[in-house]
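Shared chain: chain A. Partners: chain B in the first complex, chain C in the second.
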Partner chain A sequence: MEALLQHLVNGLVLGGIYALLGIGLTLIFGLMNVVNFAHGEFYTLGAYATFAALALGGVPFLVALGAAIAGGVLAGALTERVLLRPLRGESIDTVMLVMIGLWIAMQNGELLAWGGVAKSIPHPFPTAPLVLGPLSVAPLRLFVLGAALALIAGAHLLIQRTRLGRAMRATFQDPDTAALMGVRIHHVRTATFALGSGLAAAAGALLGPIFLVYPSMGDLASLKAFSVVILGGLGNIWGATLGGVILGVAEELGAGYVSSGYRDAVGFVIIILVLLFRPSGLFARAERIG
Partner chain B sequence: MSRLGPPVAAALALTAPLWLANPYYVHILIMAGIFAILALSLNLLLGYTGQLSLGHAAFFGIGAYTSALLTLRLGWSFWLGLPAGVGLAAAAGWAIGRLALKLRGAYFVLVTISFAGVIALVAQNWMDLTNGPLGLPGVPAPELGPWSLRTKGAYYELVLAAAALAWLVCRRLVRSRIGRALVALRENEPLAESVGVDATHYLVLAAVVSAALAGLAGVLYAHYTRFVSPEVFLFTYTVTMVIMVVAGGKGTLAGPLVGALLFTALPEALRETVSWQWQMLAYGLILVLLVFFLPRGIVPTLAAWRHARRP
Partner chain C sequence: MAKPQLSRITAVLDVLAVLAAAVLAAVALPGPAHAQAPVKVGVIQPLSGPVAASGNYVRMGAEIARDWINGRGGVLGRKIDLVIEDNKSDPKEAASAAEKLIVRDRVPAIMGAWGSSMTLAAMPKLEEYGVPMVVETSSAASITRRGNPWVFRISPPSEMEALGLEKYLDRIGIKKADFLAVNTDWGRGATSAFGEILKKKGVGVGVTEFMDQAATDMSAQLTKIKGTGADTLFLTTSVEQITLVLKQAQEQRLHRRIITTGGSSSPNQLIKQAGAAAEGTYHILFFMPWFPEAMPDGKLARAFVDEWSRRGHPFEGLTEGFRGHDGVATIAEAIRIAGKDEPKAIRDALWKVSITGVNGPIKFEKDGPPGKESGQSRPSIFVVQIRGGKVALPDFLARK
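Take a look at the complex of A and B:
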């Protein structure tokens, strides 16, 4: 029972990060019709930016986090502007090839810049765990969970309550009509990609100090993000939030009770099963072929 | 010229180990042959059905592991391990095809990636069967009657024969009714179905042949390097296949061959000056640039250019 509670808490921390990754990806997927295979690379970017700011720049942790998010937003905006805007109107498969190319280029760029040796991010939190009854949680993990929740809430507010968010939702529903109503589609698309990439970078910056930072870390992150999006349904932000938590908890339980070697298989199996048996995701209705 | 071309090319290819003094060049040709089979395999799906599989390294790995295990553990001959590896890869292709070809585009891609991910995790974790990350050393070299195909020259002829066979199979397939059905489905699926083309039937057929060819490449790879580890599932292999097909020209028969030769020889030629990471970085950039500037690939572009110059 205590072990179960412990797994649930750890799963929740992971789930918060997966939700951040998933929200970013589902926004880009839903609004821009772009299958962003480079999503995990923005996560890696965030982790390395945090490492650089903390280990080399010596700035406070929160500043490093902010720098990572800003880096993700900038890189995302640049990607949209340079690679995706000229390809508007091309088929989704063509754009997918470009994103696969970007993924490989970014990952090996990181490898060249930082080397293949995994790096650990120094963080200011005490390493002694907080003991709450039967549970023990590292303070860093609590901070990560809190920050992830704050960012998720922020993303929801941005999309539901701001002018930009309304423009995004309008573009998602019907780009042509939104354009006719005076929404500047180009800007909305750039902003969406930047927001999604910023969230991915934040996820990397938050999870980086818990695990290690290495160039190919984005591959698994991309996969988890795709599992979350598929679980939650295309373009469904609440679905992605919930899907992230489900995946995080399922992985922790799988690693705890089945086999830790197959931890990452949970995401793969979710993708396969959901796509085959409930292709519209757990919480949506639309069909998904084509 | 055009009538003499094919026989001269065939003679040159067959005698390559004789006039290539350096065994290193023969090695490059062997790898090019194995990758040509992989590129042909991927092209069948990506080029003719329009569905991108990013899980092809799984079929490659299944072929490699099956034949390696059968020859190592059960003492089977290479000539039995080969059809077993091809057969198991084809069976996996059938199963994945049946399941995943209900989906199209990005969703198909994701299922194939996930499938390859699961297979790679099994190869890493099932220590009793696969020896995990340590891999299987000492895979025997094939023998043909009294001759051992241990030398590079002999193995080259084997790979050449296999690549020629793979090419002929692809040609036979895409020029038949089946090939026309596949192209019809790629161009307009509802229209093709409305005239009676059974989408699932033909797509699964393409997936099976494609997986079998990838398995064949895997078997050849295992008995050439004589070592199999979970590295055969590396995503790098899949990416290399995609680059070869897209650069050479997807949906053509010559494209994958040109792509395979180019992208095996080029990195080897640049190996002295350029490190492996730069090579992968360049692959990523090349893929992006190809989509922007040479979207149809080398072979169709050259063909169009020659056609335009003809009086």
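Take a look at the complex of A and C:
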């Protein structure tokens, strides 16, 4: 019982990060229809930006997190403007190939800039765990979970409650009509990609101090992000949030009670089941547009 | 709409294929042989990916050996040239790196490939082309048991390591132990080798848990291990994952005696990156750069430590870097004995090598099925402990 509670706590923390990754990708993949293989690289970018700001720039921890998110937003905007905008109207395959190219270029760029040896990001939280009965959790992990939830809520508010969010939803439902209504759809696309990339960078910046930072860390993150998006349904923000938590908890319980060697397989078995029985995702509405 | 797309992609692929063929043809042309051309030695290491730290340290050690040998006039009057390939911590890449080194660079001997799975993946290429490889790190028993007569290992297999620990078991006082290992040939081999020694000694074995090489969150495994009530955890993986496991064990209040196996724990890196979480942990190592004079060849060990720091390499890399030195020194000696840089002659000469490396004496004994034996050296094995943020001899030795 104690172990079960501990597994659930662990899974929840992990799930929060998966959700953050998934929301970023579901905006890009689900709404913009861009199969973004480079999503994990923005995650890596966020982690390295945090490392650079903290270890080399010497700024406070929260400032470094902010800088990493800003870096991700800027890099995302640049990517959309330079690579994706000229490809408007091209088939999804062409865009996919370009994103694979970006993925390889970014990963090798990181390898060139930082070397292959993993870096550890210093953080100001005490390393002694908080103990609650049989449960223990590191303060850093609680902070990460809190920050992830805040970012998720922020993204949700941005999309549902602001003019920009309304413009985004309109653009991806019907770009032509939105343009006729005066929405500057080029800008909306740039903003959406920047937001998605910024969330990925935030996930990297938050997970960096818990784990280690190295150039190929984004590969696993990409895989998890795609899993979460498929679980939750394309373009569905709440689906991605719940999908992330489900994946995190399922992996944790699978590793704890089935076999730790198959930890990552547990997530993919769930995805196969979802694809078999609910092909458009666990939380897809009956009718989906866009 | 789809058709022109497809034809454009195939057109691009066509162009790429023609280009690739042209490049291949250009490099496959045999160059003129120079008498004074350097002797090439291939090196396959994980220079990127999840275990990159170790691979880079081994490369640095190999470069020191190369420069020392070249400084003394090289071998056969020729300089040694290292051709270094990155296997990206991936067995598939290790196999293609071996093929590239043999076919394109025409190296007569290789050192590699750090991880057991990577070495095992590269081994069929050695047999296919007939090129010897000195294995500097891998510990899976199967490497020298597969009947591949081109393999010469200077690192200890897990069984040898376990036997090295056996004599201390009573003093350490283990009652029940769990295992946590990377899910590779190395990790699986180590859990069974150490498990057998423990069972033989009447020590209880709790759970054996595995983790993917790239996994970063081990809390599920640790929660499970916490439930067994054992007193010791044997940990077999790279320094990157050891760092994460120690930090996460601290988060979960897993109070265990932790012993790392495989010699790739780089204790100073653990002190730096895991801090207090590394306190009290034991590490099986094959080089003690803190006490170079205690090594079999104290002068060589001291010189290696000094040269390493003169080059500005991180101290924590020394426990891994010496492998690169010893591997290249072994190959250079074999080339000297062979009298020519020809793969088969080097293979035959490897059986006659008898040198002292940074680890200690290197001399190959036969291992594996009769008639197709691989070479296995008997390396020195040491145990150290992290105490008070420093590396020290283990307390069970100090308190006797």
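Brief remarks follow.
Keep this in mind: the second predicted complex is superposed on the first by the 276 of 290 C-alpha atoms of A that agree within 3 Å, B and C clash if a C-alpha of one lies under 4 Å from a C-alpha of the other, contacts with A are read in each partner's own complex, and residues count from 1 in each chain.
In the analysis below, contacts are C-beta pairs under 8 Å (C-beta built on N, C-alpha and C of every residue); 3 or more make two chains touch, one makes a residue touch a chain.
Note that the structure is predicted; figures quoted are calculated from it, not measured.
Taken together in the superposed arrangement on chain A, chain B and chain C clash. In the superposition on chain A, A:Ala118 contacts chain C only, with no contact to chain B. Once the two complexes are overlaid on the shared chain, A:Ala201 sits clear of chain B and of chain C alike. In the overlay built on the shared chain, the residue A:Phe226 is in contact with chain B alone; chain C does not reach it. In the superposition on chain A, contact of A:Val131 is made with chain C only, not with chain B. Of the two partner chains, neither chain B nor chain C is touched by A:Ala147. Of the two partner chains placed around the shared chain by superposition, chain C is the only one that A:Ala255 touches, whereas chain B remains out of contact.
Contacts of A:Asp93 after superposition on the shared chain: both chain B and chain C are touched.
In the superposed model, A:Ala47 lies in contact with neither chain B nor chain C.
Applying the stated contact rule after C-alpha superposition, one finds that A:Leu65 touches neither chain B nor chain C.
Taking chain A as the common frame, chain C overlaps chain B at a single listed stretch, which among 21-29, 255-263 or 327-335 is 21-29.
Residue overlap on chain A between the chain B contacts of one complex and the chain C contacts of the other covers 93-94, 97, 111, 219, 259, 261, 264.
Residues 1-2, 5, 9, 46-50, 52-53, 55-56, 86, 88, 183, 209-212, 214-217, 219-221, 223-224, 226-227, 240, 243-244, 247, 250-253, 272-273, 275-277 of chain C are the ones that touch chain A when the two sit in their complex. Here chain A touches chain B in the complex through residues 35, 83, 86-87, 92-94, 96-98, 100-109, 111-112, 219, 223, 226, 230, 259, 261-262, 264-265, 267-269, 271-272, 275-276, 279, 288-290, going by the rule given at the top. Listing the residues of chain A that touch chain C in their complex gives 3, 6-7, 10, 14, 91, 93-94, 97, 111, 115-118, 120, 127-129, 131, 136-138, 141, 207, 210-212, 214-217, 219-220, 251-256, 259-261, 263-264.
Residue ranges on chain B touching chain A, taken from their complex, read 50, 52, 54, 99-100, 102-107, 109-111, 113-115, 117-118, 121, 124-125, 235, 239, 242, 246, 277-278, 280-281, 283-288, 290-292, 295.
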